[in-house]
Amino acid sequence: MSDSKKDAPPPAEKGHARTVIFGSQHDRIVERLEGLDPDLASHIQGFAYDTVYDNSALDLKTQELIACALLVSLGSPPELRTHLRGAMNAGATEEEVRGALMLCVPYLGFPRAVAGFEALRTYLQDQDKKKG
Amino acid sequence: MSDSKKDAPPPAEKGHARTVIFGSQHDRIVERLEGLDPDLASHIQGFAYDTVYDNSALDLKTQELIACALLVSLGSPPELRTHLRGAMNAGATEEEVRGALMLCVPYLGFPRAVAGFEALRTYLQDQDKKKG
Amino acid sequence: MSDSKKDAPPPAEKGHARTVIFGSQHDRIVERLEGLDPDLASHIQGFAYDTVYDNSALDLKTQELIACALLVSLGSPPELRTHLRGAMNAGATEEEVRGALMLCVPYLGFPRAVAGFEALRTYLQDQDKKKG
Amino acid sequence: MSDSKKDAPPPAEKGHARTVIFGSQHDRIVERLEGLDPDLASHIQGFAYDTVYDNSALDLKTQELIACALLVSLGSPPELRTHLRGAMNAGATEEEVRGALMLCVPYLGFPRAVAGFEALRTYLQDQDKKKG
Amino acid sequence: MSDSKKDAPPPAEKGHARTVIFGSQHDRIVERLEGLDPDLASHIQGFAYDTVYDNSALDLKTQELIACALLVSLGSPPELRTHLRGAMNAGATEEEVRGALMLCVPYLGFPRAVAGFEALRTYLQDQDKKKG
Amino acid sequence: MSDSKKDAPPPAEKGHARTVIFGSQHDRIVERLEGLDPDLASHIQGFAYDTVYDNSALDLKTQELIACALLVSLGSPPELRTHLRGAMNAGATEEEVRGALMLCVPYLGFPRAVAGFEALRTYLQDQDKKKG
């Protein structure tokens, strides 16, 4: 393996990804996860966010765009909404999010991609309702 | 939908993604695809690369990191090698590529991610052999 | 590769598959896709239907039976309804459609196949309601 | 449900699909399956072939084209070769098989489809070697 | 292969798994399956339950815990509820079921596992409503 | 949620699952994982094994049988061999392992299950070579 580990950016402040991605929904999301299973909630926060997300050479916006694509590969489960919002909280424009979803077309086919665009439309409509 | 389409970057010069991603392997790759099926080769070049990749709001490096993750979701088929190299051709550091593969752990589980890291190791070893 | 390309049937009139499959729902479907993303709608019509479907050696009925099976492999997303109807618009009997869904049992297992039969039952019930 | 079950074709002679699909490879294939697990071999012959395949309203050629697409959805495991040959044994032309594989592009994406075309190329090359 | 087939437990009384897993819901479940397709219902009962489940060296509780994990791998379709209940009918404690779902985290990732825990929570809430 | 967490078995001694599953291959496996990526190796040991496996209400044998089924759902990647051996190290008989693989037939279909039985056959043949 190469020596490039010396050039990795310093780990983000712990809990950074979780704070940005969950935003104002943080307590609601954690409460829901704890209601599913306390250990599951602990692992998602401690491992997925505080260990993987917060120790990456990638900036949070790029991580969230990748996360959206991965969720599309899984059939666009409810988490996709959280990470569409997380991507935009982390600075992605709507067009950049559309770019991530569109790349799913050649790699995964149209049905998987369409489900991703459906989730995006629902999210944007709800955003418009809150503003209007 | 919003008006943000006005802010999308101008489409890349046609064939740009294909040129960077395939690099010096371009003719070899195209010849292999044509040997599989001429229409398939035409669609991959004309639709996947020249239409989807080249009309994205995302820069090529980000697209390739997303592509690597999507290929990991598919079980790391042979195309992953092409896009690990494509990501680096487009400016990703090895650590950034590792970041994309590592994000597959919480989203897809360890087996899928390990297969991606295996493909990366094989690619890096082959790169070292060429230099050494 | 062999010379059998000379024997392929002449390409279908452009837009043929789309017309038969979407039937009376054409404008509604296109409008919904454009509401998701204009480029996505364009690619589905121009690439999936007008390029792949309309340039196949397979008759439309066979293509639609294959499409139904592929959608079952993806977990029977909403598109399955469109292609169950498309298969019948293209001349498949209900028993032929059941044959395509049943073949998913040995290849994909019972849960995936059951979801396909659920989509068929819902579609047939809605057809009965319209007639009754 | 409708009354269309009265119109289903009479069940095929038992073991018909298996005989056509396995062809001259029948004993070799059965022996290999029995070496994996005797019950598994029994279920594949008795349930997959003699029950599902042989009691379908679909002709064997159509079933095999669907089977090839389903195997592509699974990442083109070794069974795909058996069913590419099975499709052709049942009367499919090479162009019809290409049509089934190509339909996987819009439904499953390019990587899955490419793996299917790779299996086809390998099969056709081996056929040419036997003739030449 | 080894000689261990001599040590397999005697096959269960036919229909045993189905009786325990479906419990009081047996007639309702069979009626629903027959409404989807009579042959499908016959195969599920005759092959899945009476042939595979009832001829296993594994006790029913272990089989049901495995079944729950497999259904999580498929995205937690409606059958998961039946087999969460089936696992408990066969003697699994709630903690043992949570153990099976939690193992899906490292193997399949968090989104798939979360969907499984959601199904469990819904099932337990409905159980509490019946008791309360 | 219920109170059943009080009845969970005490957590296993840390590193227990890893010791039993990796057995004599422990150092070789860890070295290979570290060669893929040091963080990945750390997470697999620290999270998958020492956190999830070692804090389960399920005994290790049951966990390994579930793990084998989950790996079959992923297309039987190389890890399956490790966990077939792990299941037997944890006390599963060959017939119990066959039971776990056979349950994959109705849930995932024959192709996925066959790949699992292929991995088992290869593993058993290698075991026979070592003894003979």
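First chain written, first letter: the chains are A, B, C, D, E and F, and each begins at residue 1.
Here is the rule we go by: a residue touches a chain if its C-beta (ideal position, glycine included) is under 8 Å from a C-beta of that chain, and two chains touch if they have at least 3 such contacts.
Nothing here was measured: the structure is a model prediction, and the numbers come from that model.
Participant: So if I look at the partners of subunit C and the partners of subunit E, which chains show up in both lists?
Facilitator: A, B, D, F
Participant: Is the number of contacting C-beta pairs greater for D-F or for D-E?
Facilitator: Of the two interfaces, D-F and D-E, more C-beta pairs touch across D-F.
Participant: Roughly how many whole angstrom separate the Cα centroids of subunit C and subunit D?
Facilitator: 20
Participant: Starting from the mean Cα coordinates of subunit A and subunit C, work out the distance between those two points in Å.
Facilitator: Taking the mean C-alpha position of each chain, the two centres sit 32 Å apart.
Participant: How many angstrom lie between the centres of subunit A and subunit D, each centre taken as the mean Cα position?
Facilitator: 40
Participant: On subunit B, where are the residues touching two or more other chains?
Facilitator: Residue numbers touching two or more other chains: 1, 5, 35, 39, 43-44, 47-48, 52, 71, 74-75, 98, 102, 104-112, 121.
Participant: Name the shape of the chain contact graph, picking from line, ring, star, complete and other.
Facilitator: Per interface graph, the chains form a complete graph.
Participant: Given the complex with subunit C, which residues does subunit F contribute to the contact?
Facilitator: Spelled out, the residues of subunit F in touch with subunit C are 104-112.
Participant: Within the complex, which stretch of subunit D touches subunit F?
Facilitator: Within the complex, subunit D contacts subunit F at residues 33, 35-37, 39-40, 43-44, 48, 71, 74-75, 77, 79.
Participant: Could you pull out which subunit B residues touch subunit F in their complex?
Facilitator: On the subunit B side, the touching residues are 75, 98, 101-102, 105, 109-115, 117-118, 120-121.
Participant: What residues of subunit B sit close enough to touch subunit C in their complex?
Facilitator: 1, 5, 35, 39, 43, 47, 51-52, 55
Participant: How about subunit B: which of its residues touch subunit A in the complex?
Facilitator: 1-2, 4-5, 7-8, 44, 47-48, 52-53, 56-58, 62-63, 65-67, 69-71, 73-74, 93-96, 98-100, 102-108, 121, 124
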